[in-house]
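Listed below are the structures to be examined.
In what follows, chain A forms one complex with chain B and a second complex with chain C.
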Partner chain A sequence: MRSVRIIARRELTQYFTSPIAYLVAFAILMLTGWQFNVDLARRVGTLPPDGAAVLGAFGFFTVFFAPLLTMRLFAEEAREGTLELMLTMPVRDSDIVLGKFIGAWLYFSAILALTLVYQGIWLAITTARAYELRPELDIGPVISAYMGIWLFGGATLAIGMLFSAITENQIVAGYLSMSALFILWLGDFSGSVIQNRALAQAVRTLSLQAHYSTSFLIGVIRFEDVVFFVGLIVAMLFITTRVVESRRWRG
Partner chain B sequence: MNAQNPTSASLREKLTAWAGVVGGIALVLAGLLYLLTGQLSAAVFVCVLVGVGGLSAWVWGNPDEFQAWLAGRQTRYGTASVLVTVLFVGLIAYAYVLVDRANITADLTRVQRYTLNAPTREAISQLRERGFRVQLVGFFTRNKLREQEAADLITRQYEAEGRGVIEVLYIDPDEEPDLAARYNYQPGFDGTFALVVLDEQGQPFVREMEEGGQPRYMTLYLGEPTERNITTGLKTVASAGAFKVYFTVGHGERSLTQVDDNGISRLRASLEGQGIAAEELPLAEVKRVPEDADLVLIVGAWQPLSEAEVQALDEYLQRGGRLGIFADPPILEAAIVGEAANRFLAEGTPFSDYLWDEFGVRLRDAFVIETQPDLVNGSEWMPIINTIAPHTIMSDVRDEPISMRFARPITLVDAPDERQGRYMREPLLFTSEASFGEANIEEFLTNSRVEYNPAEGDIPGPLLVGVTVRRQLEFQEEVQPRLVIIGDSDVLKNEYVKSVPGNVFLWTDVVDWLTGFSEAVSFAPVSDPTLLKLVVSAQERKTIAVVTMIVLPGLVLLSGLAVWWYRRRL
Partner chain C sequence: MIEVHNLTKRYGRFVALDRISFRAHQGEIVGFLGPNGAGKTTTMRILSGYMPPTDGAAKVAGLDVFEDSLEVRRRVGYLPETVPLYRDMTTRGYLKFVAELRGTPHPKQRADEALERVGMQDRARSLIRSLSKGMRQRVGLAQAIVHDPQVLILDEPTIGLDPHQVQDLRALIRELGRTRTVLLSTHILSEAEQLCDRIVIIDRGHIVAQDTPDRLRETLFQGGRLFVRVDGDTPQAVARVLGRVRGVEKVETPRDGEYIVRARAGQDVRAALAETVVEHGWALLELRPWATTLEEIFLELTSRMDATHASKAPKRKGRGYA
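This part shows the complex of A and B:
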């Protein structure tokens, strides 16, 4: 575990010392901030507050920015030859994969933590006593939505890592993982596209959004959704490990 | 001489190597097709043939390469790696399926919005006690997979709570149109639920058999899959037989069994569909309204009620009875169909006098003429009911038009005496200002002429054609008689009930108000303080926008710039 911790810390440090990662965080905050204000304007006088609404949009943005965080993880190291060096070190392949993943997930968590500002604003609005009939913020769905988006983010990062391990080109890795995640996102609407109901149902079961928007986002934690995301993360990390490992015996 | 041309040998090796690749892909495709369709279709068979053929060609044409591939390091490691991966992913998928079946959920919402409430559990135990078995039937096409999953969140709880009592069935109307039709699926029902009661064999009760021998089940349409709708449906079933409506007979009333446009068989079906029993009441024979009557309806009577019948109704009302009267204008129908004149509630008859003396309500010997008939199907006999009084009874009618034909105006007492003063008369329906009440019926019958002539007793519009009566608050003791009087019985006939939504709403609301049925079966939602509307001042919104759109992203950007600047200097 020590090697995992060291690799994770190294990756996390790289994120925080890279301007690109700050630009990604900036873009995310601009987008979610915009979404938050639009949602706020829409609700004034018509709807109750919903702390989870902004996280619905965050999930969609994650589909596009998670690949930006993962595309370099293996592809860059493979291109620069440092991955071979790493593979010769007394570290297990799974430790390398796990360490890099944890580093990325911690950075994702840090960006996610910034969105707590929105929840602080909701609480400030709803607990102020200036008006008699202010609604109360339902904290439950906020908690479940954060749990859901955190697992959702982990799954997107794990998928992105796999594509980064498959190719040596960062752009290709980013493009492939973005495409895959977008398809997995749209899988929620498979019934509108696929004629075969059984196939549409199967595609939808694999969809990331299907396990997030109809449960976590509305305040319900379904154990099967937790297992889906954890299982997806574990499966993707396992396959990524196999791909990295294959470098040892591929010709 | 037997040695092969090196070029052709190389070509054969290349071709057979490609055949092997194509064969492998074809076999994978065959497996996928079989998994997706679950059938050994012609396509699967062709793919298997191509696969086997391609691989055979490779083995035959390039045996050395095949042997090397089998024994090669990449193949050994690769195969082992793929097998381990497939096994691992399979285990995860299996765990997911197990957990999915276990249906373990945690509802974090403050009012447990996605957990069955106490009234729902009570309704389910009532069903169990009364020996009912029901089926919740959801209609979801493949376009509504998302909605189906959202519905499943709640229906799975009903199924778990009502084990052995409640079943859930999903039907795709596109894939199973015949089955959907059996459950009375109609366009626009996609994404909604219906409820059916099952018999001892677990089969839905059949309402009617169609010509082709296809059964039509007795369904109760629930609408959107919310706890409120589903539980109201369950309570409706649980209360089956607890409510009984009697329809008087023997005075030329519209018939419950008459299925043509003029009958009211649809009303009976509607009542029975909700578990309310409907029976005929020959008042002249039985002399007394039965104890189990929740409501007595007089729909389209032509003959006047006798003194004894009026006394029976009075006795019923004084013990808290509920009465609905749908009365047509006098004489008029006789002129058209040539039958005996309508004398029901004619002024001076016992029942008319009773309604006036007791409740201060009188149906006039007149009929409504609409002077702007072009607005409503071009008929002056069909008044425009354009004013609906704000009354709880009309909560569902809202803006839906109500169709009447030959309506009879109603007069309320201006200065009620002590007896009449015990009751509250609340207007319900008015005709338009352009209408008037033609009182000179004799002239109409003779000359077929209608003309507004106040001197001859014609009544200026708008005219009251619907009223409710109930006790004043200070007189509401343990008994609370209620009346609804509507100056037309056409509103309830099959022709209008099947085609005019406003008439259906009027009918159901009248029955609800008179019997208290909806109150008994409806599901009271839990009060949720988190559902109040958001209140934020403009100044607060400006501050929030600055913090979230400028300050927060700006701080992150500045941090990035600082890092970049610092690293540049190193």
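This part shows the complex of A and C:
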């Protein structure tokens, strides 16, 4: 566990020294900020405030931005030769994988935490006497939405990291994970392309969005959705560990 | 400290290492000498715990590199061929990270000590990306010694350095080798001669020879061919005259004015050769044992090995010497 912590800390620091991480943070804040503004203008005086609205968009953006955060995790180390160093340290392969994942997840959490400013604005204008905007912000769905997006983000990062371990090329890793995540996101709309109802449902159950947009985001915390995301993360970390291990045998 | 017994590594059908065995004791610097693709890096990767062998056993400090991989890795300092550096970290930050992962107590202090050891304390705060090639190499070495390991494995540590840096690095390695076991690979013969207590020559996955530098040279010389450069008559005439010198078995003429003289076993024909050349009024430009450059040593040793293994090994087309 000690080595996991050391590796996670290095990864996290790495994000704060790399331009791409700042660009991702910047882009996500721009897009969600714009989204928030539009939503705010539309609701004032006509609809109840919805703190989770901005997180719906955040989820979709994550599909594209998570790969940018994860593509370098293993691909860069393999290319620079530092993976050989990591693999000759007295550290288990699973510790390396877990450490890197936690580092990435922590950075994702930091970006996510920035969006709390929108909730702050909601709270300020719905409870401040001067505006008298009723009803007040419902905190429940906001909390569940944050839980959901956090797990959702973890799953997308775990998937992205797997692709980074498969190839030495960051661009390829980024592109593949982006495609995979996009397909998993679109799986939610399987009903409109697949005629067979059972099959469509099965595909939808495997999609990322189905476990997020129609549950956490609307204030429902279901056990099965939590299990889905946690299970996905565990499975991805396991496969990534195996892929990293296979490097030893391939030479 | 290092015991390798019948170590074999196959990549698919390609045999990178074929039953090699050697030992390295404490306080000994052992040089791994061989052309590119001979199996040096593969051996080092196995000993550092990076990859498991296909067959055979390798032990470091009495521990099996596969069974007790983590324990072995704790005791080994490893500098791979491509120096593993995180370009966006400072040298001190990088060394501290390595020391922490290695589980060394007082990582910060150890990082500073390692930096001092390689003479880089003034660049502790520099980003690694801003360092020159020689400095990076030194940081790489600092990384390998930061946890004060008993065994040091250095894969071509002096490659790409300028002569001054090479001298400094060799001095450092020599000092480190006083108390530790050092296994280093190189394809520069003079480096192996200067640095190592023992040289293991490896070619195409086989150990061709292993001995102290002095004895290795002696063995080579005894079996020996001489390289002679003479300015005088036509090559045919010179070769004929040299061939008549007492004790000479055979004379080859690889190039105009250059002759390779093979003496009968146990005979030193140098004096006689020199005398003959002078007698004929020719200029003796060079006279030395033929196998003094690495290329020649390989040709010499591997041609002998091919002769002994001719029946077993399949014939190879062409030789890719670097």
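Here is the rule we go by: the second predicted complex is superposed on the first by the 247 of 251 C-alpha atoms of A that agree within 3 Å, B and C clash if a C-alpha of one lies under 4 Å from a C-alpha of the other, contacts with A are read in each partner's own complex, and residues count from 1 in each chain.
Criterion: contacts are C-beta pairs under 8 Å (C-beta built on N, C-alpha and C of every residue); 3 or more make two chains touch, one makes a residue touch a chain.
All values reported here derive from a predicted model rather than from experimental measurement.
Student: Quick check on the superposition: with chain A as the shared anchor, is it clash or fit for chain B versus chain C?
Tutor: Aligned on chain A, chain B and chain C fit with no clash.
Student: In the overlaid three-chain picture, which partner chain does A:T17 touch, first (chain B) or second (chain C), both, or neither?
Tutor: Touch status of A:T17: both partners.
Student: Scan A:W249 for contacts with chain B and chain C and give back first, second, both or neither.
Tutor: both
Student: Between chain B (first) and chain C (second), which does A:E84 come into contact with in this model arrangement: first, second, both, or neither?
Tutor: Second partner only.
Student: Between chain B and chain C, whom does A:L29 touch in the aligned arrangement: first, second, both, or neither?
Tutor: first
Student: I'd like to know which partner A:S3 touches here: chain B for first, chain C for second, both or neither.
Tutor: Second partner only, chain C.
Student: Contact-wise, after the overlay, does A:I221 reach chain B, chain C, both or neither (first, second, both, neither)?
Tutor: So A:I221 only meets chain B here.
Student: Which partner, chain B or chain C, touches the larger number of chain A residues?
Tutor: B
Student: Please compute the chain B to chain A to chain C angle from C-alpha centroids in the superposed arrangement, rounded to the nearest 10 degrees.
Tutor: 150
Student: Of the partners chain B and chain C, which touch A:L47 in the superposed model: first, second, both, neither?
Tutor: After superposing on A, A:L47 lies in contact with chain B but is clear of chain C.
Student: Minimum Cα separation, chain B versus chain C, post-superposition (Å)?
Tutor: Superposition on chain A places chain B and chain C at a least C-alpha distance of 5 Å.
Student: Touching chain B in one complex and chain C in the other: list those residues of chain A.
Tutor: In chain A, residues 17-18, 249-251 are touched by chain B and also by chain C.
Student: Where on chain A does chain B make contact in their complex?
Tutor: Per the touch definition, chain A meets chain B at residues 16-19, 21-23, 25-26, 29-30, 33-34, 36-37, 40-41, 43-49, 114, 117-118, 121, 125, 130-131, 133-141, 143-144, 188-192, 194-202, 204, 210, 214-215, 218-224, 227-228, 231, 234-235, 238-239, 242, 245-246, 249-251.
Student: Over in the complex, which chain A residues touch chain C? Could you list them?
Tutor: 2-3, 6-7, 10, 14, 17-18, 80-85, 87-92, 248-251
Student: State the interface residues of chain B toward chain A in the complex, per the touch definition above.
Tutor: Per the touch definition, chain B meets chain A at residues 36-38, 73-74, 77-78, 81, 84-85, 88-89, 92-93, 95-96, 99-100, 102, 104-110, 113-114, 141-146, 149-150, 153, 172, 175, 529-537, 540-541, 544-545, 547-549, 552-553, 556-557, 559-561, 563-564, 567.
Student: Provide the residue numbers of chain C that touch chain A in the complex, in ascending order.
Tutor: 9, 11, 16, 42, 45, 48-52, 70-71, 73-74, 76, 78, 80, 82-88, 97-98, 100-103, 143
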